[in-house]
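Order of writing sets the chain letters: A, B, C, D and E. Residues in each chain are counted from 1.
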Amino acid sequence: MTLHDHLPALAVVVPLMAAPVIVALRRPTAAWAVAVAVSWACLAISGQLLQSVLANGPFSYLLGGWAAPWGIEYRVDPVDAFVLVIVSAIAAVVSLYAKTSVAKEIDPDRQYLFYAMYVLCLCGLLGMAITGDAFNVFVFLEISSLSTYVLVALGRDRRALTAAFRYLVLGTVGATFYVIGIGLAYMMTGTLNMADMAERLPAVAHTSTVRAALAFLVVGIGLKMAAFPLHLWLPNAYAHAPSVATAFLAGTATKVSVYVLLRIVLGVFGGTGLLTALPLMELLMAMALAGMFVGSAVAIWQPDLKRALAYSSVAQIGYILLGIAFLSETGLAAAIVHLFNHAIMKTALFLALGAIVFRLGSARIEDIAGIGRRMPLTMAAVLVAGLSLIGVPLTVGFVSKWYLVEAAIGAGLWPVAVAILLSSLLAVAYVWRIVEAAWFAKPSDKALAATEAPTALIVPTWAMAGAAVWFGVDATGTMGVARAAAAALLKGVAP
Amino acid sequence: MREKPILRVGTKLLIPFILLFALYVQFHGDFGPGGGFQAGVIFAAAFILYALVFGMANARAALPAGLRRQIMALGVLLYAGVGVVGMLAGGNFLDYSVLSDTPTTGQHIGIFLVELGVGMNVFAAMATIFFVFASRDPSAKEDG
Amino acid sequence: MEVPGLFNYWMAVVLMMAGLYAVIARGNLVKKIVGLGVFQISVFVLYITMGKVKGGTAPILGDGITVYSNPLPHVLILTAIVVGVATTALGLALVVRIRESFGTIEEDELQAIEEGEA
Amino acid sequence: MIELLDIAVLSMMVVSAVAVLWLRNLFAVVMLSGAYSLLAATLYVLLDAVDVAFTEAAVGAGIATVLMLGTLTMVPRQEKETRRGSLGGLLVVAATGALLVYGTLDMPEFGDPDAPIHRHVVPRYMQDSPAEVGLPNVVTSVLASYRGYDTLGETTVIFTAAIGVMALLGWGRRRKP
Amino acid sequence: MTPPVLMLLALLLPLVAVGPILMARRNPNLREAVSLAAAAVLFAVVLGLFGPVAAGERPELVLVEMLPGLSLALKLEPLGMLFALVASALWPVTTLYAVGYMRGHHEKNQTRFYAFFAVAIAAAMGIAMAGNMLTLFVFYEVLTICTFPLVTHAGTAEAKKAGRVYLGILIGTSVVFQLLAIVWTWAAAGTLDFVPGGILAGKVSDGAVAVLFALYVFGVGKAAVMPFHRWLPAAMVAPTPVSALLHAVAVVKAGVFTVLKVTVYVFGLDLLAATGGGTWLVWVAGFTIIAASVVALTKDNLKARLAYSTISQLSYVVLGAALLAPVSVLGAAVHIAAHAVGKITLFFAAGAVMVASHKTEVSQLAGIGRRMPWTMGAFAVGALSMIGLPPTAGFVSKWYVLSGAVETGQMLAVAVVVASTLLNAGYFLPIVYSAFFGREVHDGHHHDHGEAPWPSVAALTLTAAATVALFLMPDWAIGLAGDLVGR
């Protein structure tokens, strides 16, 4: 076997082994260097995986050499390869940004722990995305969750502690719901391997146990992905976490949960016919629409920009959920491409906010007044990513919106199509509030004292903002992958 | 607790037996109930008992923070390392059968090593969690 | 005496709900953590119950024994217990920090303090 | 006999769970939760899950209780009366419970040897693991080998929790003058 | 250079100019020289395209495949050529005017002004040359956003409020209506290319044609069809060169241009005529023409009056399209050019008055013609063109629109055109009359003054001359517009 054959395992094992190495090393700079190396290695591995899955079709990797369903199997198909690339790409860019920001926001003697948590979180997220075993998802979910709680709690404001605690409680409830759901499904099928389970579920699809299992899985995953109205943990967690943690989590954590939802609901339960027999898609659509409007509307009134963008995430998750709820190839492709697109623009925004916090010590709307002239590069990145959030053409947000609307029209759901467009107008309101404050307001005292952020923060921020334009101008690549992924997912869904 | 010699002597006598039991659990897990995880917890329990009776300072001297951290890290690395060795030996990650000429021997070696890794990690992690909690000054107030 | 076929499951459901209720409705953070523990252990009971085979023994192979209970749920729950205690430890660490920073561990009081800061 | 014990242990668990909910003295609550763990461990023994019972006793009743007691030295021992009506909580719990009970209706009966989980996947563990792995304790075989990857993850979870606790509490006050 | 290269050049040149403009921010003379040079070269480039297009060539260029199966592509046809010519010809003139105005008015942030101005021109070029509806939409939105800083240039609370209205209406209509219509078109027709005769025939039901057409018309907020016209008066807080070029030419013409383009190339006149999907628009356009004229009559602020006049005049183009007669569409196309030169003259004059005398209200203008004869003379020419009297360009286009109305027997449209002509005369002629024959009012604030700075006067003289020239030599415009409808 060549190294290439082991890539699926390495994608997870490399960050996993990096964590103890970081703890053993302890020196902040060394810890950071390891985190950067690992993130970029994961990106390289994920890129390779995506390339080979697109070229040669799905393949699996048997951990411990045990055949599925007896052992644990890694199954790489276009969907999870794409998610792997998203997560590791965000991690790679954010890792470069981390050194300067972490040095300012975290105690020196805790920095190595921060980086250890960072790679563990990455490891957990990648593990969830690549595995083909339903229980293994739970294990890696917990790795990522526990590390996330700590990352959030390391924020400077004391409210970070309560935010982390609430996240811990709700996250654990969500994970336990997931375990209940998997337990019930396991009980009726006798297997934990997702592919095997998908094969065996249709025979028992009529039982109440399987229906209850589906319900628990949807609620459990819904909690982790912060789908409205299960989003209560998210705004505070994002608002008070350290800048680096917020940027990383906003780009990755909820995305991977969405992936798990896709994998479980469509991949595993798709063949049971329950998706159409139960009003599940209608429920998801209602949650999505409510999230889109409530999230955006609340975002308009937030005095703290990190919170505003956190609520915007709730709305954006609504878009993703909506795409799934159409249960059509275009809709799914829209949802999947929006996973990528939203990850890029939200990371860009939170990185830029991190740069603002770096200089001002705050990201409140009254403090950023007039900052546009003091930190032109940072604020230009905010503007570009903000336009993308609105869905202005030539940015990634437009691509997502386009396909969502197309899917809504394809499904004949005209009011939904209008709702998508209307809700994007709410984004204009909260983005433009920032624009007006930054460029057209009288500078605050804090802004007057500020200068442009250090290059080490600007470059990663602009890497993301640039990507938001790049993949918005030429979306053929991302849409191609998203379509392939959507087709692969829909293959198993019973009509 | 300085005035309770019986407790101290009793504890000193008890601890070796606890450690022995932990080792038994560690290595007998293949045949009966037990394994690295339970052994690690029991091993940690011995130190917790020691700390409770002889005080945190003594316990910390017996098991310094740096050592705990290294054991903890080493445990994880050992487990994952076995997997990597399996990879290098031509199998998949965590394939123990390739560790030796006969698959079952390989499995034995692999399971022994990963259980050891689990034991080390759990022991050090549990001890660390306890020590950190116990070292916290109950009257401490942080101001933000 | 025969236990009704689903008795254990129902009891597990009752236990789970008690735990979940403590998590949702109780304002004391320690109580929430304890409630989470109760909730999780009850789920473990569900799993272990499903692994039981009538007339079986513990899945340690021995001569002359033919019926064993199912080891797979046991393995899963071993993992889950560890995850549970890890969560508990982290939760308690947060509780300690919250107490030190806010001076209280009651949800209502915390919310009041936070609203004052927003 | 086993059945009677089963009922008795489960009933005691219900009692302690309700008591945990009811009592406001946190010390008592923590002790009860320890007892709840021990009862669960007892139940696991009855259900042939000796490894799990062992772990539950060591972890749930042991370590977790010690940690909670440690926490109680730093926080108030008494839970305050909450003003909040818990009607919402009650509704959520009732709905969840109802869903679960609904889910149990089509479950295989307790102990049914023909249940799907005993017919699929597991038979190979029971029959072939002596030849493939060579250990009498099938739980260990599955844990460390067939599903060894889960266990690596579990080890990582513990590692994460430990360094997480260090990050949150480590040296906090002790180091500073 | 081949036509596709020229098209690329026309798109990129203004964008490239932004760099030097920003770099020369400390040297106003250099900065403005760069702007002027870029404008002049752009006009030359567009002129270079005129020959081939007039000869029947339709140069194409794919920029990038944006979405699978959907490219950002350029394709120049007669209507686009007409729009591109008008916009690029007026950019150098406006820049010349702006040099005088901005300096005379001591405006702040002039570098930002010139930079975003150049971007706006690039966007207008993109709209003119768009090869499909997606490309058009992209540049349409770019134009909206890059003109926002120009509208809010003053930075006052009033400017910010106006900016919100501007952005809210333009983004709101384009996102909710236009984008929906475009995606719908894409879903139904499987293409967004501009094809003579349209792409929707046989793809959607008759009822859907009417709904879709409405989505397009109201989705193009820049066409200022009522009730989505409020942004245009709001935008008048911008400096006058912005009002002149963007809100009399580039932005609003982009709007009516889009309506025309959609009518001809997406639906096709035949489909709309056959399904009756455009009938309602005659009413809406007619209403807008009359209502806006009436409002203009009540406005004392000169720029506000001009803004409402613009709203009214824009709907001539929309009316021309809605009549669905080839000759009226031809008239609509010519009106894009005719109104452009006339209205920009009026705005230039209004701005010149403001710079020289600080007067902004119609009632203050009595006697000003004697102090500023060039300015008010040009104003008179522009006013005649608005009314549609010879010897000005407005007469030509109005003639064709009216012919279309008569030809199709739509007496309502005939009545609208006649009535609005009277109204136009009613709100323009008194200004001209009192400027030359009225008695100057001395209120103590206004000092003696003469003409505005010479660059401004030169600019408005040029455009006034162009207004007359277009009457005398309308063949090129009529030729292009004739190609559009195949006559």
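To be clear about the criterion, a contact is a pair of C-beta atoms (placed from the backbone, for glycine too) under 8 Å apart; a residue touches a chain by one contact, two chains touch by 3 or more.
Owing to the predicted nature of the structure, the values given are computational and were not obtained by experimental measurement.
Between the contact lists of chain C and chain D, the overlap consists of A, B. Taking the mean of each chain's C-alpha atoms, the chain whose centre lies closest to the overall C-alpha mean is A.
Placing every chain at the mean of its C-alpha atoms, the farthest one from chain B is found to be E. Relative to chain D, the chain whose mean Cα position lies farthest away is E. Rounded to whole angstrom, the centroid-to-centroid distance between chain D and chain E, based on C-alpha atoms, equals 72 Å. Work out the mean CA point of chain B and of chain D, and you get 21 Å between them. Separating the CA-averaged centres of chain A and chain B is a span of 35 Å. Centroid to centroid, with C-alpha atoms defining each point, chain A and chain D lie 30 Å apart. Multi-chain contact residues, meaning those touching two or more other chains, occur in chain C at positions 16, 20, 50, 58, 60, 72, 76, 78-79, 82-83, 86-87, 89-90, 92-97, 100-101.
Among all residues of chain A, those that touch two or more other chains are 16, 19-20, 23, 63-64, 135, 139, 142, 146, 149-150, 153, 158, 180, 186-187, 192.
Touching of two or more other chains is recorded for no residue of chain E.
Counting only pairs that meet the touch rule, the chains in contact are A-B, A-C, A-D, A-E, B-C, B-D, C-D. Those residues of chain E that touch chain A in the shared complex are 64-68, 72, 137-138, 141-142, 145, 149, 152, 155, 160, 163-164, 167-168, 171-172, 175-176, 179-180, 183-184, 186-187. Those residues of chain C that touch chain A in the shared complex are 16, 20, 23, 29, 32, 36, 39-40, 43, 46-47, 50, 72, 76, 79-80, 83, 86-87, 90-91, 94-95, 97-98, 101-102, 110, 114, 117-118.
Residues 16, 19-20, 23, 63-64, 66, 69-72, 109-110, 113-114, 116-117, 120, 123, 127, 133, 135-136, 139-140, 142-143, 146-147, 149-150, 153-154, 180, 184, 186-192, 200, 204, 207-213, 215-216 of chain A are the ones that touch chain D when the two sit in their complex.
For chain D in complex with chain C, the residues that touch the partner chain are 3-4, 6-7, 10-11, 13-14, 17-18, 20-21, 26, 29-30, 33, 36-37, 40, 43-44, 47-52, 55-56, 59-60, 63-64, 67-68, 70-72, 74-76, 79-80, 82-84, 86, 88-90, 92-94, 96-97, 100-101, 104-105, 107-113, 115, 117-118, 121-122, 125-126, 129-130, 136-139, 142-143, 147, 150-151, 153-154, 157-158, 160-162, 164-165, 168-169, 172. Within the complex, the chain A residues that touch chain E are 387, 390-394, 399, 401-403, 405-406, 409-410, 417-418, 421-422, 424-425, 428, 432, 436, 439-440, 473-476, 479-480, 483.
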